[in-house]
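Following: one structure in structure tokens, then a few remarks.
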């Protein structure tokens, strides 16, 4: 019977997941994944497996993705020179065409295909589908918008029938013209509208640092109020995540996680084991 | 009371639609629209109105689109030289990337936005979503495929909840890699899988000609068997439509229409009035 | 292509209906039709077509009818002499028997048959069915009553299963004896109980006149408060419509229309086109 | 404790009903009641109580009624002279108007009111409602018809929502014109279409006599085949009941009863006790 | 026809039940039955019939039982000497094992079998099933508990699907160890949690006596407040019933009955006839 | 990042379970557990965890248990001398009382409590509940029966609402008297009636041996036909499992497993990993 030694360890780990499955079964979890993670073939596969496990044990999973690096590359290829106003990229109508092509037409179907291979029934969406997101243009930035409404009925409809929505962060304005919207912000708005139990940001940093540049200042847990006070000092990439986390918690989301997406299976470990990875924010 | 003369005519026309609404309410109608129609701003708006009217009176509408001209333009822009084998375009992996970007990331969201403006709740899909379509690569053509299975559950799920599926004709192979599939064929396969009452091809010709080049030979109605016998003599563009029509009728679709999409409101007139436009094929 | 000129106009008119269909689809519309309209063979057919179109595009249609002229004729034939108290017809037990026979046993099944021919699945009801209406006798008028309760569950049950309720304005008292109730008032009470979007009175006048006898004083739109102030000066036939309109708007009905039922397709034109006919009352 | 002696007997009788309730709960029972029973105030009240008890313990009850005597009286009052062809009353268009008024407009709402007083939620119907019955005219008899189709969906819809359908035996022809149909036949056709467990004829005779005129020849039970052989010798009133019983049993109805409706609570006793009343016919 | 004389009386009694069936159909009734009633073969059969009749006419019936005498007998047989603290039996771990075996393993399946024979679909439960009851141990009494929570979802789930829950009064503590709980108290807590229309205690006394020992002081009806004031003077067996009655009425139960279970069909007579038996308590 | 080394292994094992979860999610798995496993505190806890994991990832889990050793112990304690006829224990009415008390009243609620602690919503049942099992007595063996019918509706009802049925192997005969039935046979009959995907026997042997006494002859996989041929030579304890396995496979069960319940987490490892434990039987 000692051939079952390794087996015993396996079983132990599966059993360790039990209380977490119990907790999150039937709950909504929104995961935002960045473009970097999707570009690394191996990481992308691991993340897909993690997401599949979540969905298969009964979590109502919603995936939101951006695609900054891929969009930048495509713009360079098209010879579009980047222009910035107060740190935000100005997006003209040629550029928004490229944003749509890359996010909706390239990154989204690839992520959908990966999740399908991992055993899910994913359905790719953008903010235009069933008027999921509506945005208003931000002045002076061309076709960049901020989300003004979320119509989550199509998400609930798909989730109820067992599908996993995978959302590209592009949204129409009131007239139906597409706008580029920040994927971190979109994920937060969607998590808030769905009353999600968890909102998870998979990033390419270890988590949130209290002091930028001081790698010892990684925060493992903090409250929304404290995060608000840290906002001004955060890095440019972290700021929209942090601000959206604060908003999402105010809208009823129970917990926000900022995880290091470069750690293999970071999502799985966070949700299904005692291993804490990265930073968690409580209301 | 004679101020109502024009009104009377209006009412008469609305009433004329009554028996057609009665007939098609609750029935599934699959409409395939070509890239040309979508490029003409005015036609595209009219077609969106027609589709909206169909869906709003209770037709279970499914839209399938291609985008040949737009894909060709994008390829030229990217400097990809077209190569053909027996009349079929060879699609390498760079090219399929462009096909995905244009069909899924550009044409599809624009069509979705149009239909939303016309009052529908459209949801854009590709063959990858919920494994709607699976295709096998056609030898020697690179990333071009023929459809081997249709999983229509996501369509029924969306239709039941009042959404209008809008499908880009791209399908993954068994390994999840995207393949270019003919939109006419995709529309036929989907209509067959859904047991549609009608399959409508909106084209840029007047209909099917018995004799290529003889504009007097336009056929207004024919049977599937006769169409089969005409197949060898048809134009290259008409052949996949005709072959798919034959297949769809064999799978239980009740009627296939080949309409002139350049005629304003051709779809509406065909479905809701006595005006016959183009060619209809019966089993 | 110019053979499609007439067709183009047809299509244009169908498309004009689109925003109205969008607005009223799934909404409840209560239409009260008078006995006169039902006696005119041609008008009755046109009205049935209009109602069918409403119901077929997804309006939850409820029809209420009276039958004054037919009841009067039947009473004369039976040798019952009319007697009035303060303008209201006294109804003894012989007379209420005739009212029931004519409204429930003659007008209602004929209207049901017409609507069935027009493609609906109509179900004839009176206030007695499933205790839809309960009335209290009005003192001194014999078997004439005023409605004291509406139990709309049977209407919702039939509407949900796709049937069109057609209601004769007769209601039992608490003891189960039938009473004659004013059809205008019944329609208003039912519209209020259902929270209808629209209540439409099809009458045999052009609409509401500010000054009785001055045909230039036709009002095309007014508010409930103004209508209340006009009540004392209204004609005897208009007063119950107007008072019920005020009550219905107070109960949450969004709009009341008083239309000229003699105009062919007045109902259709009002609901589905920009043509305003008659008077509309807003809250 | 002997004050409970009477109570004990009461309890015993309630308990005796138990196995019958068990058997018929959830089963469909169609009861045809004749005009005579409805004219006798006391009998009509008792029958309503019986029907209420059936429906309240969970029987899916459908009531069908005629009204021969009341129609005859109304015709005499209107001065219409009866004319017969081979024993069947010829019904011209004046006469059918009276049939409709009496059956749909007088008898039906009174029966509905009675059943409502007894605690049910009855809904009066005629064959015209939701195209429940369609009939073809019988040659030479004017507006008399034989049933050619039964669309029982409206009955199932009402029964599922807890309503009791009460049906007047009048049916439209294909063109929507009402025809007089035999109520016994209508009841049989409806029972067959619903796959009823029981079809009960409440009559004004003791049951079926093997030999007309010999009161000792009352049959308490017989098979369908034997009844078929007795058909030629039956009384004119019994023949349509017997023929419809044979047809209903052939369509899957499990048992047909011909009861003496003049016996107080005959229906209740037949369904809920061991007391056999009248004649029962088995397949 | 005078052979139907006895039948007439039968019918009359069935009809007398009509208003009660109307009242309690669809309502929840919780019946607590004591161990004594279950030990008397004949009474147990009669009670099962009564319960079956209730459930079959549409009452949502929940049965709760104790088993004091049977537990005492089994304990004696096992040589466990009874020990009491302030009148409450101390239950050690051997004793609770016997309590479980007798209540869950002997009385419950026998009652289930009886109810099944009477035509129901009973499902035996204890407080452990689906965490129906959770109890806290009462200090100094070993494995005796008081109920701290009721999770009635499994009862509603079974009732909705037509099953009759039959509950043994044993409940786990927070750690899953079984505790003995008073069946009167369990019945009250369950009735309160379900918002029952009626809670019925079937006892082996005639009802509640105002003065213990004075058999003329039987109370037929009283209010909750008055019962509260009588609590200190009640017999030891009556006190938990009375206290639970007060609590149940405070939780929304509409009426509590304390009936003499030795009277044949006491339950049936109370619910379905005008015969009042025992004591009823109103809010 | 190397602090995540152990975490990585954990994640790997969770991910390994993915394809198995995918396969068995929504499928029915019947697990039979013997009395020995339930007597060993530690094994019983591990098995409860395994069952909880199965149910929480969406398996429709049904548990069947016996309790041979516990029943034997209780009988000895009660001084009942065992008597055997052809290897089968004769069960008189005193003995069946003890069987019921131990299986239904002791083992079942303890197993229910364990599964509740592990996070499930278990509901204990015996064959008497909702007539789940009916058995016929085996001649000459007293109150021992063989199953003649399975009414699985209560299982489906509980499973649909998220409960886990836990079934004691006791069944009533047609007259409602309890009979002892073999738990292996009961599990097989239930699995067959439910069309289970898997039937798992947790035993106290390593699996099935081709040659009794030759521990090298353990079979890891065999077909139903082969198992049938082995039946005569099997041990007495294995024979009912093997015969029931053959029957269950013939009724549509897809796979039967005979696992060593003494291996910790044997159930989990069999269902969720590549580790094969014990013997599997295919159709």
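A, B, C, D, E and F label the chains in the order they appear, each numbered from 1.
The rule is simple: a residue touches a chain if its C-beta (ideal position, glycine included) is under 8 Å from a C-beta of that chain, and two chains touch if they have at least 3 such contacts.
Fair warning: this is a prediction, and the values are worked out from it, not measured in the lab.
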| item | value |
| --- | --- |
| Joint neighbours of subunit D and subunit B, given as chain labels | C |
| Chain-contact steps, minimal, separating subunit E from subunit B | 3 |
| Chain whose Cα centroid lies at the greatest distance from that of subunit A | D |
| From the options A-B, A-F or E-F, the pair that copies B-C, where over half of the contact pairs coincide | A-F |
| Greatest separation from subunit B - chain, by CA centre | E |
| For subunit C paired with subunit D, centre-to-centre distance based on mean C-alpha positions, whole Å | 34 |
| For subunit C paired with subunit F, centre-to-centre distance based on mean C-alpha positions, whole Å | 67 |
| Between subunit F and subunit D, distance of the C-alpha-averaged centres to the nearest whole Å | 55 |
| Two or more partner chains touched - positions in subunit C | none |
| Arrangement of touching chains [line / ring / star / complete / other] | ring |
| Going round from subunit C, first to subunit D: chain order | C, D, E, F, A, B |
| Residues on subunit A engaged by subunit F in the complex (per definition of touch) | 1, 4, 7-19, 21-22, 25, 49-50, 52-53, 56-58, 118-119, 260, 262-265, 268-269, 272-273, 275, 277 |
| Subunit E to subunit F touching residues, read off their complex | 97, 100-106, 108-109, 112-114, 116-117, 121-126, 128-131, 154, 157-158, 161, 163, 170, 172, 175-178 |
